[in-house]
Amino acid sequence: MRTINRVRAGAVVVAGVLALSACAGSSSKAGGSSGGSSSTSSAAGSSSASSSSSSSGSNSGKPTLEIGVQGPLSGDNQALGLNIEWGVKLAIKQANDKGDLPFQLAIKEADDQGDQSKGADAANLLIQDQKVIGSVGPAFSGPTAASGKLYSDAGLVAVSPSATRPSLTSSGYKTFYRVVANDSVQGPAAADYMAKVLKATKAFVVDDKSQYGTGLSTAIVAQLKKDGVQVETDSAPAKTQDYSQIASKVASSGAQAMYYAGYYSDAGVFAKALKSAGYTGKMISGDGSKDPNFITTAGADAAEGWQFSCPCLDAGKDPKYADFASGYKALANADPGTYSIEGYDAANVIISVLKGLGTATPTRQQVADGVAKVDYQGLSKEIKFTPTGDIAGSSIYAYEIKSGVISLIGDISKMPGIGS
Amino acid sequence: MTTSILELSEQVRKLRKHSAWYKNPIYGRLAVIEALVLVLSILTNETQGSPRDYTLLFKDSWFCVRGVQFLVGGLIIWVLAEIWRARGLTKIAAQAAQPVRNLRGNPVLTNPWTKRAVLLLVTVIAVLLPLMGMFTLPYFQSVLAGQVGVYVLAALGLNVVVGWAGLLDLGYIAFFAIGAYTTAILSGKLPVGDDGNPELHPPIHLNLFFAFPAAVVLTMIAGLILGAPTLRLRGDYLAIVTLGFHEIVLNVANNDPKGLTNGSLGATGISTFRFNLFGVHYDWRTNDSKPYWYLAIGIIILVVFAFRRLEHSKVGRSWTAIREDEVAAAASGVPTVKYKLMAFAIGASTSGFAGVLATAKITAITPQNFPLTLSIFVLAYVIFGGMGSLTGVIVGASLMTFLPAFLQGPPSWFNDGRPVVDPKDVPMWIGAVLLVMMIFRPQGLIPSKRRAQELSQAEHGVGEADAMTGVAEGVGGQ
Amino acid sequence: MYITQHFWELLFQGIRLGSLYALIAIGYTMVYGVLQLINFAHSEVFMSGALGGVFMLTALVGNKGKVPSGFAAFEYTALALVAGAAVGALVAYSLERVAYRPLRIRHAPKLVYLITAIGASIFLYNVAGKLFGRNNLQVPESFHSGKVFVLPGSGAAGPRTVKSLDLLIILAAVAMMIALDLVINRTKLGAGIRAVAQDTETAQLMGVDVNKVISRTFLIGGLLGGIGGVLYGMFHAVTYTMGFVPGIKAFTAAVLGGIGNVRGAMLGGLLLGIVESFGQAQFHLQWVDVVAFVVLVGVLLIRPTGILGERTGRTA
């Protein structure tokens, strides 16, 4: 009996020692909040921003300015929002580390969940904070429609890395810019890709009945018809429980190419069903699905061979992007995802304007004027804006999943058979 | 091998027989406290889990310094609590609280004039709120007008259906959506033509104030259409039908029959309120939320007045009778169908009203703004605040809508202006608050007198707390 | 006609989806039987079952994409189902102990139960999201889902092919339902459950340990829901919010069959699956929910307590 007690006591001690030594990656994260129990001081990612500001903040008493991020930081489509957020954080960290700015930069997050009805609140959160001199976002088109006027009235510049609804730049928002091509560019490019590169004579377009999916599929169908392709369309609302029937329809339609306009979490399930229905044509989707989570959901087998059209440029293995990719990975503990580069570029556009102003107390108006005239060589492209806020002359890229990895095929406009 | 196992088990048995220490309830309490503390150590952890390593968060909250800190903290709490118990401090605390408890029966408090004074005070505070402290910030003003005001109004309406008439409605926001779409159509942004451009097809273009009566009439009709065939269903069957109604309304809106709703794109650029009366012109602008807040307060005051009169009228008493026992009510001559329909229609129209208000504030709507979860949330606001009690519902809805906004973007004096919790974790905390609240205070924050009475009676075994889900005996098993 | 050409295919798809609905619906209906509570948190029981299955598969198969074959495939699949059932049962059981029992002791009104269930549901799925990430989890394949036979019909053969995963879903569901039916009708526990469902107080007076019966009811419901979750995960996707839509559908199915009635839940589930399948073919996928709910309302107007629900009780 006594031995048992002793064993038990020993076990407790051993467990305790093991426990203390096995403190997971939290040592770096817990740095700011060693209080332990009351460690709810800031959002997950802000630890990095705060650590970077503390590292260089010690050597000077510079004032702090903030760059806002508005996007879906929680909710169903948060992966896209988080990709952007980490991109912005990286840009800020690099700017602070360089130390040639007369102020410290920090990030301010505003979560709109991708939900239109929360867009105004999120924008107000940024607008009311006088330290915020520019915003990266809103990420989604719905919240942009709900908050564009607020930004415009407040004179706060909003550079969206991903809101692609065409009408946004014709709504009279004076301070809204975007660094990606809108759906009226992506849609036709994707359609041309299907018609001229994949040489499909019959195509099937499925949308997910979301704002994004409907807009994109409408643009694609219009261009496909123009290209003389026979088009069949159907809808599979997001969160559909059983995709087998729509997959059967696609499989028995005889279409050589199928385009799915929707987000990755549903696209992955749809891919499974298409595989199971034995569809052999080309399967393509858009920027909303181009995410590693698509492969996770569908499984490597069903995801293989899927292609994507996207106004975004991926870091990939190109040495040009190696710096970005490694910096991102060190910060976010994940590979860059869709719109990470665009988020990074959008933040850098604002930072370059600030640098050009060279003052420690720039006004929002100065920043807005600066962004309107900016000509900045971003990582994804050269960034110049049209007077309405669209990006001047931008490209749509095609991607394909090859042996489980999303890899770049190329710029669609430069492919043979297109543009001629 | 076998013998050793036998020996061991024998020893274990002996050990158990000798020392049943663990049967002592104080160790049970320790276990509960430590378990809670372990859960808390995960909930309050900033780290978010990752699909690459499913054990990450456990490692990061339990098997490291943090876990030990929490366990020790739990131990200290337990020791303190046991000392507290041993000294009989609970009794002393109860005695100390006695004066407060005595206050309840105080004639000054029950005096109707006191109530009116308090009501007036609350109204004054509400009106002055946007001039005070953090509410001068546009974010909180926007939250007040767009969330608090709107959902207080909606919850007040649902309170009529659920709290007074005892009908379980899980599709309440469907009427809200109908009100919102009415607004969009009347302001000329819907329906759209084939080219998706609304401006070319303006059937009507009205001042938004006209949307209120239109929405009220429409939602009332919708309420009657839904209610008339379904109100003979028993509680939970009614719940699923109303839930289905919500789904149907959403699906129809999203599927865009004949361009009426513009599908998932919805309507944007909906005009806001304005009036031009007797030479006074006023425009509610989207960049200032205060006027919307005042409008909401005005409407809420009117609604509260109307509902208070209703509550104490014949109608209110009939609702109570139906809620308590429908069969008995019908037997004593209460036209139950009429009154149930009435409750449904009043609730629906209030929801529609709130829908108009919300739309004018957001100026853009899509079907995604009216998810099923919103219906469920509004129901939660009602029960959380105290079903059947107007004050309770107002307080409950305000708190539950304000809390998440505050957690996500507190003013600078609180937590240095940083989000209190990760936005991703906010729903988790809301769920936890709801759960804990219901377990420890099932009657809600400020229960109505009658319901509190019913509940305490039920607790002492006198009668049922609720007749609302009907008497389900016999509809079970096989 | 699309429907006549694809009749067998549609029927099969309907049965496959319907048997999943039925497995979840049983949990709703059993809890409703003993507590008169719409256990909204059951969708989270379903979700946690799926998570249990995924963890087991990840541990056994790994994420490298190698699909086991032969006995290993069989073993891993069975273990995943067992893990799902265990986690589902555990979550359901703790729900009852932590959330519902305190309310039952205080005789709280039914609506309070309902809001507690909703609160528990919101809390649980968000905790799951926090713990394991908020994106779809990878579900490793435990076996290669190959062709078994081809259903009759016209058109391409691909969609008409019945695969082993489809058969697994249907067979597992049917086996569980038969087992449950035996438990309910042939065992002492089943008699207890039926007694409590009919009249809790009388059952207690007759010597039934009500607390124990209710706990067991949650356990059984959780077990089936967990298995449903694993099967659903193999067929669809696993993520923290996965419970909501199937939960609503299964609840609909339970009501359709007559809530509180176990055979009704099975029937309702299958029927709902088939209605959705044919409704989808006749109209479009985007109208499928409307079709399902219109059918539900239609049935309830004719039989206000569902297909197999009895017309008893004073207010029925």
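Labels for the chains are A, B and C, by order of writing; each one numbers its residues from 1.
The rule is simple: a residue touches a chain if its C-beta (ideal position, glycine included) is under 8 Å from a C-beta of that chain, and two chains touch if they have at least 3 such contacts.
These figures come from a predicted structure and were not determined experimentally.
**Student:** Can you pull out the chain pair that has more C-beta pairs in contact than any other?
**Tutor:** Maximum number of inter-chain contact pairs occurs for B-C.
**Student:** If I average the CA coordinates per chain, which chain comes out farthest from subunit B?
**Tutor:** A
**Student:** Distance between subunit B and subunit C based on Cα centroids, please, to the nearest Å.
**Tutor:** Averaging C-alpha atoms per chain gives centres 27 Å apart.
**Student:** From the mean C-alpha coordinate of subunit A to that of subunit C, what's the distance rounded to whole Å?
**Tutor:** One centre to the other, that is 35 Å.
**Student:** Please report how many Å separate the Cα centroid of subunit A from that of subunit B, as a whole number.
**Tutor:** Distance between chain centres, rounded to whole Å: 33 Å.
**Student:** Touching at least two other chains at once: which residues of subunit B meet that condition?
**Tutor:** Where subunit B meets two or more other chains at a single residue, that happens at 48, 51, 254-255, 424, 427.
**Student:** Check each residue of subunit A and list the ones that touch at least two other chains.
**Tutor:** 74, 78, 209, 237, 296
**Student:** Which subunit C residues sit where two or more other chains touch them?
**Tutor:** In subunit C, the residues touching two or more other chains are 134-135, 137-138, 286.
**Student:** Going by the contact rule set out above, which residues of subunit B touch subunit C in the complex?
**Tutor:** Those in contact with subunit C are residues 42-43, 48-51, 54, 57-58, 162, 168, 229-230, 232-237, 239-241, 243-245, 247-248, 251-252, 254-255, 326-327, 372-373, 376, 379-380, 383-384, 387, 424-425, 427-428, 430-435, 437-439, 442, 454-455, 458-459, 461, 464-466, 468-478.
**Student:** For subunit C, which residues count as touching subunit B in their complex?
**Tutor:** 32-34, 36, 38, 40, 55, 58, 99, 102-103, 106-112, 114-116, 118-124, 126-127, 129-135, 137-138, 184-185, 193-199, 244, 248, 251-252, 255, 258-263, 286-287, 289-290, 292-294, 296-297, 300-301, 304-306, 309-310, 312-316
**Student:** Touching residues of subunit C toward subunit A in the complex: what are they?
**Tutor:** Per the stated touch rule, the residues are 6, 9-10, 13, 16-17, 65, 134-139, 141, 145, 155-159, 161, 163, 236-237, 239, 241, 245-246, 249, 276-277, 280-281, 284-286.
**Student:** Spell out the residues on subunit A that touch subunit B in their complex, using ranges where they run on.
**Tutor:** Residues in contact with subunit B: 1, 4, 16, 18-20, 22-26, 29-30, 33, 36-37, 39-44, 46-47, 73-74, 78, 109-111, 115-117, 119-121, 124-125, 127-129, 142, 145-146, 149-150, 153-154, 167, 171, 209-211, 213-215, 237, 296.
**Student:** Flag every residue of subunit B that touches subunit A in the complex, lowest number first.
**Tutor:** 11, 14-15, 44-48, 51, 56, 59-60, 62-70, 73, 137-139, 141-143, 146-147, 254-255, 263-266, 268-269, 286-287, 289, 358, 361-366, 368-369, 405, 408-409, 415-424, 426-427
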